[in-house]
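Here you go, one structure.
Chains here go by letter, A, B, C, D, E and F, matching the order in which they are written, and residues are numbered from 1 within each.
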């Protein structure tokens, strides 16, 4: 594979609304090439933040959506059979290490816990990636950085990062934006009026208070944006909210009733 | 593979009897390209609805029946060995993303929970599908949309969608049609007289009341249509009902007796 | 593979002794191409019945003995490596769909529960079989029908068909033939005298009464035929019965003693 | 593979000491081509008996030592890659069905329970073996017979033959020979004097009484023969017995002491 | 693969601060070619020590990051398909044995317990590595040595080295450096002033006291270095400490509060 | 593979200190070609004994370190892809059977219990090895013998040899040498003075008394030799003992203290 660096560059500025000093902290971590872990609940903007930083720093970004079936070879590379025999194909982590990209392992905790040890030599003073199957040791490009995302709400005894992995990262906490900021995000992303956006954010807050009391997670900003999109398209707000804020996140009849009631109260 | 778009087009209007505002809601969601989750029990018409909408919108439809052995590669694609070496074959999700089809993942919860993360980058602002093994990032065609079906009655601790997946979808609830509509459906699909159709629907209602009291699910509209088909073919109604409405759905002698009794009462 | 239809045709009438209206019911179901599930205990004649019907209807019959290691590819097909690269080989289900055979999935519950979803699009109005790995959607031949067998005595929490599968089938119950019919079957199949056949059937009835009281299943008609065959060959009846009716089905010393005693009482 | 029938023929009569009418019963079963299950504890002569019968009947014998990793393909056959592409290789069961051998599946219960369903169509009136992956249905040679061995002492809830498999077999019980016969076997196989053989058999009886009281199984005739062989070689009887009759079968210090004591009492 | 020895040589002296007589002990063990196990918590300098010793002894160093998916073939080698057929590729352990490198199996306990038996013949008087699949027995180069790392805090019933593996190693205990040494390390690695380094070490000590009381492991020296790096870059010390010393290692709100409080107390 | 017999011959006499009549017993077993099981704790000299016997008998020795991932194919052989298609490669067991080697399956209980059934036909009167995948039955060379090692301390319900495997072997018990012999071994292997060797053996005895009281196994003779080697190299005895006799075998602080105390008492 000729790793075409350009295809990994982000050419347009991704919209991102900072909530604190995260941009400066990330920038300092990147200057030191510290590995970074971004922590926070579903749909609070972690991936968007990394895209924004990659754009700001002008670095290519290689994102890998981790999953339980992902093997070390999926990250590192493998031999393919060719007309002329086998040929080595770099995996996304190796490509990133070679071209000096930011490599973003999304939902890393989904990967098999022990597969994640392949990133260890890239995250300490060695900054190398041994391709055992190829007999090559890749030294990371000086601009390479590793970033992982992590949702603390998911962790169980079965699925957690090992301490020996965690202790290789600096970490930034993320959460849903406070109400005033979130109203701005919904308005900016959909062009809906501020009053409606405010009502949607209010419903979001109700749901987030139910977290741990029947809901695994609250309503993400993304779903509020969905609701606003449908309302802009002319869908009646109550129907739009039920379709985007309630039905996707729960099957529990009581929770559904509670949330529907909250929607009625706000929009009724 | 030359992805022949035409073979995925639905050329004849599939019969679909709307039960509420689901057509308008889906249409608005499609205009915004929101991912859609259709929820509801077995055989209530979820797949038929999606076919109907694909026909109405004039979009090709690619359906994938999900199963536990399905890997991410089955969705995304894989390398095949050819006379000239390996050759990449797009999977159905990739084909759909390229040609702008509606991709319908039927019974998605059967797929390994973590395999479903491959759909994440297609369901947020990125609308991309990274083919890690090919070193290519596919940007979805502007007309592409993702739809999944989901049966809340099945979910267990072992098998459920993750919140980070759910929060990427808008959702529509489906259920069996109310009696008057269902009589119409059975009549229309089989040409049976309305009186007989009414009797079948009545038996269906009895069975649905047993849901949770010995039956995992009620009798689907599909089975009522089966019964009507056999009756039209000259099979005695009681025998036809036993064969299509009772024997397939339960092995429990008490439930069999209860349902047989209900059939006798209606047709006896 | 050139699917040679002829090899799947049944050229001689298989002996089958009807026990009720199952032939007419099956015939009507076939005319409507309804999927059929045949239910009943081991060795009561389910497979024989399907062969008989395939012969009667003049349709080719493709039987697949399901097992837990069977993957969807075993049913649907796979790529094989050839001198000229890879070549697609239709699986038995695909062959049946193409040539219009009756496809009989024997002991379907042995297959991985989730593998069985591949039959779904063949069992509703679509009557299609998507070959995802080949990028082809097979439309079933108008004469194609799907039949599965199912032994209710086996089902456990771990192994059962899903409701969404069951609700796609009509179903016929089978059981061991009543005594008079069974005497006829044993006589007809082995040429043994009616008195001896009657004694064997009597032993069979004793064993079937033990079902659930130490025996998982009763003695099948097939084993009674085995006993008659050995007696015809000159083996002493008590030794023949022990070898065919007792030793194969139980290791429990008490049950062995009870059954041996019953044999002594009948033949002693 | 050119299935060389000759290599499966047994040219020299294997020594076998009948214990009852098993030779006549097996012969009658073979004449009817009934599948046979031989049941009994480890090392009591089941495999030897089948070899003896194959020799007596002049049929080739193909033995398969079953194990948990054995797949249906190991029995039936698979495609191999050749200079000219893929080539089908018959498995041992297919070879046996084609050439009319006795196919002996040793310790069949070790094979995955569900893998064993592949033998079903060979064990009823069909006498066929569908090679699904090759698209061929093999009709068994008229002389083909299937035999399985089975150790009732092993069966657990996890590992047992299914009733639908058991009910396809006739069955013969085996056990260790009675003392007088066993003395003859040890003498004949090793040339040791009858007095020493008698002492060894006595120790064997002691151990068999411990079965279920600390020993999973008694001492097999094979181990008695081992002891006699070492004694013939000049090893002191007590040391020979410890090495062959005690150390292999138990790690329990109490059982070791009990058995050593019994040896001392007999040979001391 | 032509095993290029040079790429495994460490050309610059890696910084290492000895804590006791470990250098002399390791050197004596190397002279006798005793296998060495380095034990200790995450990030206390085990890997650095081995690099230092490899540099000091002038031996090439081959490091393998072990993981649960690692098979014996990943260590030993495998056949690859080439234009001219299959070709053997030595694994890293085999390369090390051939060229006389120090082979360092990092976090060996992650590898499947039973996979580790492949190292046994290399760790006793035989000093050989049988390549079963190649039919070759490799005799280790006289300079070859095996080193493994091991974190006692991780071991569970499920994951531990077998005694038969442990008893093949000599072992060195490692722990975090005492405060005075650690201040030196942080100063030397980052150029930060001693006062700030002292404050960081103080926070580290607080966290290490929480080990077993809510924290699985304390804060490693590596994380202290991260904090110092960010402070040097101009990040406010409290923000730098939260990002590097707290957020990566815990999700527990109480522990976070305790550690944040400790940071405030030291830097506030 | 051309099985080069010479590479398996042991050309120099391996040092072995007999503890009883094991040499004579093994020799008699070999003359009768009885399969042998060597039982005993880790590091007591089982492997060394087999090497010694192979040297004494002048037979090639093929050792296989068993592990849980080992399949029957790893023992028996497999097809490899070659420039001219597939080519069969004998596994180590097959090579041994063909050339008349002693095949030593080390730690056989690590192999999957059911994989071990492949050795059955080699361990009874048949002395054959069926290569099912090749369609060949290998008759063992007259000089072939099978030996397995087995550590009774490890056996659990999950991992034990089956009785049907055990009953195919004669067995020899091994244990650590008595003190006087062990002092001789340590002296002979390292050249250390007898007084120091005696002290080391004394520490070993202390540790062996802790077996079952906090230690899974005692200190093996091998570790005593390690300690002596380091002492000979000039390492202070207490440091040498801690590094070789304590740190490798336990992580338990109490046991470490007890053993360190014993070392201090002996060498202090």
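Here, a residue touches a chain if its C-beta (ideal position, glycine included) is under 8 Å from a C-beta of that chain, and two chains touch if they have at least 3 such contacts.
Source: prediction; values computed, not measured.
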Given subunit B and subunit F, the chains that contact each of them: none
- prompt: So which chain is the furthest away from subunit E, centre to centre on CA atoms?
  reply: C
Task: Compute the rotation angle for the C-alpha superposition of subunit B onto subunit E, expressed as a multiple of 5 degrees.
output: 120
Approximate Å spacing (C-alpha centroids) for the pair subunit C, subunit E: 59
- line: subunit A and subunit E have mean C-alpha positions lying a whole-number Å distance apart equal to 30
- request: Please list all residues of subunit B that touch 2 or more other chains.
  value: 81, 84
- request: Pick one for the touching-chains graph, please: line, ring, star, complete, other.
  value: ring
Task: Can you trace the ring for me, subunit D first, then subunit F, and on through the rest?
output: D, F, E, A, B, C
Statement: Given the complex, residues on subunit F that touch subunit E span 1, 3, 7-8, 14, 42-43, 47-48, 63-69, 74, 80-84, 89-92, 95, 106-107, 110, 151, 153-154, 216-217, 219-220, 222-223, 226, 229-230, 233-235, 239, 243-244, 247-249, 251
Statement: Within the complex, subunit D is touched by subunit F residues 21, 24-25, 28-29, 31-32, 34, 37, 39, 71-72, 79, 81, 84-86, 112-118, 120-121, 124-126, 130, 132-135, 137, 152, 155, 162-164, 166-173
